[in-house]
Every structure is written in C-alpha cells, then in structure tokens.
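These are the structures, in structure tokens.
In what comes next, subunit A is part of two complexes: it sits with subunit B in the first one and with subunit C in the second one.
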Partner chain A sequence: MSPLLRAKLRAVLFGALGIGLFLGAWEAVGVYRLVGSSWPPLSTTLAFAFDPDRATLFRRAMATTFSMAAGGYVIGAAAGIAAGALGVLVRALRPGLDRLVTTIHAIPSVALAPVFIVLLDRDSTGMAIAAMIVGYAMYVATTSGLAVASAAHRDVFAAFGASPLARLWRLELPAALPALAGGLRLAIPGALIGAIIGEWFGASRGLGLLMVSAMHNFQIPLLWSAVLITSAASLVLFGVASLIERRIAERFRA
Partner chain B sequence: MPTPAGPAGDAIRLDRVGKAFTLDDGARVDALVDISLSIGQGEFVALIGPSGCGKSTVLRLIAALEAPSEGRVSVEGRAPDELSRAHRLGVAFQDHALLPWLTVSGNVGLPFRLAGRPVDRARVASLLGLVGLAGFEQARPKQLSGGMRQRASIARALALSPDVLLLDEPFGALDAVTRRRLNIELQRIWSEQRITTLLVTHAVDEAIFLADRVVVMSGRPGRILRTLEVPFARPRGPEVMRTPEFHRLVDELTLLLEPEGAA
Partner chain C sequence: MRALGTVVSRYWGMALILLAWQGWVTVFQLNAIVLPQPLDVLADILSNPGIYLANAGQTAWMALVGLATGMAVGTLLAMLAWSSPLLGGMLTPLGVLFSSIPVVALIPVLARLFGYDGGTVVAIVAIISFLPAFVFTASGLRALPAGSDDVFRAFGAGGWVRFTRLVVPAAVPNWMIALRLAAPTAILAALLAEFLIGTSGLGYLFRAAGETFNTERAFGTSVVATVVSILLFSGTLAAEAWVRRRWG
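Right after this comes the complex of A and B.
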C-alpha cells in the first residue's frame, strides 16, 4: 500500500471513528437520560423521522423549507455578487455600499423578520432572511475575491494594454473564483437558518414551523427529527460544496 | 551627460527624469535623480546597479506603470502609455506572472486576446518552439520548473512582435546554471528579432553578454554612473564569456557597483 493511500485510509478511518463516537454518545445520553427526558436516544429520533406514517408530513415540510432556502440562496448570491462587483467597478460607491451592507448585517435577522412580514408575506419571510444572510457572505467574498489578483499580474495586463473590462473578465474574475466558491460554501448553513427563522413568524408549513410547534407541545421526538433533517441536509450540501470549492481552488489558485 | 543615440534614431528617451515617492509618514524619498538615457531603434541596453537603486523604476516609467515626478519619458516620440495601449509593448518580470488557470499556450496567446485579436496559433506554436517549450503547450504553469515558466513569460512578451521589449530581472529568481542557459537562449532569440530592448538586472555578466550597451546606476538616489559600449560582435556565442576581455569588463563594472570604501 502506498503511503498516500495509507494516509487517506487513516483519515477516513479516524473520521468514521469520530462520527461513530458522536452518534454513540448521542444514543447513550438519551438511553440513560443523562440530561433529562428532553434528549431522546438517536434510535428513537431516527425511528420517528423515518416512520412511514409521517413521511408526508416531513416531505412537505422539507419541500417548503428547502425551496425557501434555495430561493433565498440564489437571490442572495446574485444580489451579493452584483453589489460586490458594483462596489469594485464603481469606486465611488464602495464606501457607502460597505457601510450599508455591514449595517444591515449587524442587525440580527430575527429583528428584521417583522419588517419582512409587513413588506412581503408570512410564507416568503424565510426566503428574504436567507437571501440577506447569503447576500452578506457573497458581498464580502466578491469584494475580497476581486482584489486577489497580484500586483505583478495587474502590471502585465497594464503593459499589454488590457482594457478595464478585459482585466475584469480575464484576470480579476477568474482569480476571484476560489473566494466566490468559498463564500457559496459558507453561505449554505446561513440560507437554511434564514429559511427556518423566517418560518418561526407564522409560516403555514416548513421544518421551522415543525420545530416551533413541537417545542410548544412538548413533542420531543418531532423536534429532534426536524433538527436532524435540517442538520443532515446542511452537512451534505456543505460537503458537496467543499468538494466543488477544492476543485476550483486547485485550478484557479497559483 | 550626453547620451549617444542608437544606430537608427531613438526609440526610447528619458530626459532629465526624476522620481520621488511619498512614504506613509509623508516623507519624500528621491528614487531617481536626473536620469537621461536614450535607447536606439533595435538596440539592446542593460541597466545594472545595486539593489534599491531605482533601476526597476526606470523600466516601470518606460512601461507607463509609473509616472515621472520630473522630466519627460517618451517612447517612439510619444507618451509611453500610447505604446502599451497600442499593444506594441512586451514585458517579462522576475515574477513570471503567468495565469495559473491557463495552459502554457493559453498564456502565450493572452496578449492577442487582450488586444482584441484572434489568437494566432501558428505564432504561439512557433514562439513555444523558439523558447524550447514545444510539447508543453497544454501544461499549466504550476507543472513547470522555474526556468520553464520564465521561458513561457518571455514567449508571451514576444507574442505580438512588440516594438519594445522590457525585461525586469527575468532570470533573477533562477539558479546560476539555469540562468546561464537562458541567457544563451535569450541571446539567440534576440538576435533573430532585434527588438529594442531594456534589460534590468543585477548580474554584470548577464548584462555584458546580452547588451549592446550597459548603463551602470549608483545607489539611492539612483543616478547614471557610467555607460559602457560592449565591444563584442554579434552573433555572440557562449564562448564570448570565456574571453579575458569579457572577464576584464565584468571585473571593471563589478567594482563600480561596490559601495564606496568596501574594496
């Protein structure tokens, strides 16, 4: 066995061991009621989540929450990238945009939810909050990413008589791709959090609504099932985005 | 100091040029003082000097990457940025500055794209052959050695058959053996094209081997100390570097570069 393969195998093994220990601890804490009755064992939660009788309930909640998160993700990413690019291209706008975006980000999204409920409707509030969280991440990723290109590269482009647009398209944008991919990865949990928080303010369905109503009615396994589904989705998407980001970084980073 | 013009008129002219930088604390530092220099059409001039003497700044003024604080820089009788905007300038720096996401041939073809012209594939292929990178067309910069990256960077500089070639320590980061080999190759490549060239270097032997004229600069603030006409006929082969005359000139100029009192 080659040393590289052995190192890889060891990493996978340790990773699996860590996850196993975590899940085992989750089960043990629940079985022996180490922190009281509101921590069900993992097996109970899984049995609840995968019960065929509740398949429709969870499927509808997932469809609602994930589509809100996805919609907010796409809108937020587009707006964040557009605002970031505008700030880089039109320098006069940059300080104002920086301050505006930072100020909005400094307000907890929970506090903004009532505003969105008034402006939009109860069911799209989650999408709006998700878009705001993602938009901030992408604004920061875009403005810092477009500044990544080295001074030496800029000198070469200037000496070859590149127009500002050619420089953006052939130098600054490709050089920004790793930062943009990193921003898109980091924004994934934010989109899910935004969608779920939005549902706490009176949405008609969704995983966030399930969490709130389970909490109010002391339906512990239901609460944990909704949390489990959300976490699993976030982790899987985050993992996929990490793989994509790694490929992009390999190609576009010197 | 009168500056002799090249054989076919001046391609590049610096007229009593000064350059001062302002530091963060507001202090003014003179990088260049009273630099007058002419480079003739088709002439190869090397600029040598101790590190920090402002020799790279001279090159950056000609490339229109900096503006002079005093005096005038002209290239082909016009402002230097007109040359780069017309895509008639070629540059290669110590940092190869190849784009990591493009292949070698993509990098060498880049100046065509920046000039808004279709990439001349035959030209790119012949340049890659010229610099000894045939067979590496599809490689990416990070797969190449340091010397190969500099070859690609020089091929890129030559892509549009520029009127003026500016080389800023292109081999400065390479080991002595690779550097010597690339000097011999640059000599061969330049002899075929005879582009007006300014080479900035701190290596005296490199300057004497490659240039028609060597201009020696003093330390901060940078001034021109001396100009030496290199007596060796072209084409020059590596055997020139083994002649006693070559060694004598290297010794002479090396002594000029040493700080006063160090000898």
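Right after this comes the complex of A and C.
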C-alpha cells in the first residue's frame, strides 16, 4: 500500500471514529441524563423529528425558513457579485464601497432587525438579513476573485486592444470562478442564520420560531429537532456545494 | 480640498444611507413609532447616556470574556490535536461539521442547557467563538513553511523545541484570522443570547424597546450595538495588521 493511500485511509478511519464517538456521546449523555433533562438522546430527537404525526408541522416550518434563506441567498449573491464587479470596473467607487460593505458587515444582524421590520414586514426580515450576510461574503469573494488573473494575461488582453468589459468577461470572470464557488459554499450557513434570526424577531412561522417557542415552553425534543433539521439541511447543501466547487476548481484553476 | 476628496471617496456610501433614511421619513411623513428620524435617535442616545453605556458595557464585557474563553479552549484543543494524530484525525471532521452548520441556531439549545442566568450568555459566546479558534489554529499548526520542519529535524530538534520554536510561531497569523472572524460573531452571539433570555445588556434593551414600541430606543440600541461591534472588529483588524508586520 502506498504511503499516500495509507494516510488517506487513516484519515477516513480516524474521522469515522471521531464522528462515531461524537454521536455515541450525544446518545449516552441523553440516555444517562448526564447534564439533566434538557439534553435528549439522539435517538429520541430523531424519532421525534421523523414522527409522521409531526410531518406537516416540520414541513411547513421548513418551507418557510428554507424559502426565506433561499430568497436571501439569491438576492445577496446577486447584489454582492454586482457590487464587487462594480468596485473592480469603476476604481473611483472602490474605497467607498469597501468602507460601506465592511461597516454593514460589522453591524450585528440583530441591530438591523428593527430597520427591516419597518421597511419590509416581520415575515420577510429573515430574507433581508440572509441577503446581507450572503452579500458580504460574495462581495469579498468577487473582489478577491477578480484580482486573481495574472498581470501577464492582462497585458496580453491590453496588447490586443480588448475593452475592459471584454477583459472582465473573458479573462477575469473565468479566473474568479473558483473564488466565487468558494464564497457561494461558505455563504450557505449564513443564509440559514439570517433566516432564523429574522424569525426570532417576531415572524409568525418557521423553524426559528419553533426553536424559540420550544425553548420557552420546555418542549425539549421539539427544540432539538428544529435545530437538528436546520443543521442537517445546512450540512447537506454545504456538501453539495463543496462537490460543485471541486469540479469548478479543477476546470478553471489558474 | 484633498482631505475632503478622501472623506467623500471613503464615506459616500454611508452618507447616502443616512440621507435615504431622513428622506424616507420626510417623504412618507412617517410618525416616530414607525420610523424615527436620525436626529431623534441621536437625541435619545445623548439624553440617556447612562442606560446605553451600562448595557453596552455589559454586552461588550460578556462578549470579551466569552471570546477569550472560547479562543483559549479552541487553541488548547487544536494543540492537543496537533500532538496526537489520533485525536487530530478524530477532531478534524467534527471541526468541518460544526463550521458548516448555522451555529447561531444552537443558542436556544445552549440556553436551555445552561439555564436562564447571567453566566449562560458568556458560555454561549465561548462555545460559538471556540469553533473558528479551533479550526483555524489547527490548520495553522499544520501549515509550516516548506522544508522548515526538515531543517529542525536535521539539527536534531526534539518535539518540544519544534513545537515552541516552529509550529506555534507559524500558527500565529492563522490565529489572528480566527480572532478577527470570531470577534463579530462573539458580539452577535452575546446580543442574541441577551435578546432571547437576558435581563440586561443591549440585546435585552432591544427586546424591551420592541415590547413597548419605543422605536427610538430600538434604533438607538442598533446604533450603539453597531459602534461596539465596529470598535471590537477594528481592534482585531489592527491587531492582525500589527502581527502580520511583525511576523512578515
């Protein structure tokens, strides 16, 4: 067996052991009530989440939260990429854009909630917060990605008299694709965070609302199920995005 | 004139937002319960400095203590993971797992686990800042300059010497990135925890202002929370730049 293969095999083995121990500990802490009744065993939480009686409840909550997150994700990604491209194309705007975007990013999303509740309504606040979080990630990914193309390649385009727009479309954008794909992957948990925080500020339905009401009312399995469903969705989407990113990186590597 | 140019080029975006805010209120003739004017919000902050300062101080303190605890535990665990291939191999996928879920969603679970008291906010911030600390320090400890480890081994340096003289210094830039990423999250986590279960702090002030329809207070809290967050964030940025200059 080659050393590389052995190292890979060992990583998989140790990793599986780590995840197995984590899940086992989760179950054991719950079964033996090591930290009290607020920690249900993993099996109880899973049984609760997959109970057919609650399928409608969870399906409705998921539809609300995931559509808010998805809407915010699309709006944020489009705005972030557009703003990043604008900053690269029109140099004079760049310092102000950078400052504006970092300031907005430094505003805790909780602090934006009152603004969005006034400008939009309680139920779409989550989408707006998700869009802000995703927009920041994509602005950073776009500005750094568009700077990836090498100076030599830029010189070739300049020497053949290409317009800045042609250069953006045929050189800088393809070179930026791996960075953009990475940004899109990293933004996924952010979109869900935005949707959930929005719901905490008084939405009328969704997984975030389930979490908070279950927390206040001691509905422990419901609380854990809502968090588990949200995390599992994020994990699956993150995994899919990682696969797409790997394909793009192989195809467009500089 | 040039100074004015710099100010305009850096702050045009923020000035635009303030203008849009004032314009919105004026054009739509909104009353103060719906959307207060920028000046009224400022007036509320200036006429109640005690309330804002005490709560901002509380939130900042919770966030700082939690951040420091989370960074310390995360760094320690990353070092343990570095020293043992088994532990490292077991913890790495868990680190990836937890950095790909929306950790903020864990706050209600943690609140229920730790109970609704003051220490819970710190514990929540610590657990949420722990994750980037662990992930980035662990990858920093493995990202040694090419060939440097061979040099140390060739000169017969033992494990401890390699750790203190090579591995730890090499991980410092990554550690600073972890700090910069964790700082805004720490403030956000503190605010959210206070909002959900707190009895004081800026997050609680939000909830109280919302319940009494005191929109000037709510917006004032937004402004003060933003200032606290930007101060902490700029602090970590400056620290990171300083470290990068020193480490080269």
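Keep in mind that, in the parts below, the second predicted complex is superposed on the first by the 237 of 254 C-alpha atoms of A that agree within 3 Å, B and C clash if a C-alpha of one lies under 4 Å from a C-alpha of the other, contacts with A are read in each partner's own complex, and residues count from 1 in each chain.
Please note the rule applied: contacts are C-beta pairs under 8 Å (C-beta built on N, C-alpha and C of every residue); 3 or more make two chains touch, one makes a residue touch a chain.
Being a predicted model, the structure only gives us computed values, none of them experimental.
**Student:** When the two structures are overlaid on chain A, which partner does A:T64 contact: first (subunit B), second (subunit C), both, or neither?
**Tutor:** neither
**Student:** Please indicate which partner A:R251 is in contact with in the superposed arrangement: first for subunit B, second for subunit C, both, or neither.
**Tutor:** first
**Student:** For A:T45, is the partner it touches subunit B (first), subunit C (second), both, or none of the two (neither)?
**Tutor:** neither
**Student:** Is A:R170 touching anything from subunit B or subunit C once the two structures are fitted on A? First, second, both or neither.
**Tutor:** first
**Student:** Is A:S150 touching anything from subunit B or subunit C once the two structures are fitted on A? First, second, both or neither.
**Tutor:** After superposing on A, A:S150 lies in contact with subunit B but is clear of subunit C.
**Student:** Should A:F160 be classified as contacting the first partner (subunit B), the second (subunit C), both, or neither?
**Tutor:** first
**Student:** In the superposed arrangement, does A:S225 touch subunit B (first), subunit C (second), both or neither?
**Tutor:** neither
**Student:** Who contacts more of subunit A, subunit B or subunit C?
**Tutor:** C
**Student:** Can you list the subunit A residues touching subunit C in their complex?
**Tutor:** Result: residues 10-11, 13-15, 17-19, 21-22, 35-36, 38-39, 92, 95-97, 99-101, 103, 105-115, 118, 188-190, 192-193, 196-197, 200-202, 208, 211-212, 214-215, 218, 220, 223-224, 227, 230-231, 234-235, 238-239 of subunit A touch subunit C.
**Student:** Would you pull the subunit A residues touching subunit B in the complex into a rising list?
**Tutor:** 150, 152-153, 155-162, 166, 170-171, 174, 251-254
**Student:** Can you tell me which positions in subunit C touch subunit A when the two form their complex?
**Tutor:** That would be residues 8-14, 17, 34-35, 85-86, 88-94, 97, 99-106, 108-109, 111-113, 184, 187-188, 191-192, 195-196, 203, 206, 210, 215, 218-219, 221-223, 225-226, 229-230, 233 of subunit C.
**Student:** Please output the residues of subunit B touching subunit A within their complex, sorted ascending.
**Tutor:** It comes out as residues 60, 63-65, 84-87, 89-91, 93, 95, 97, 99-101, 110-111, 113-116, 141-142, 160, 166.
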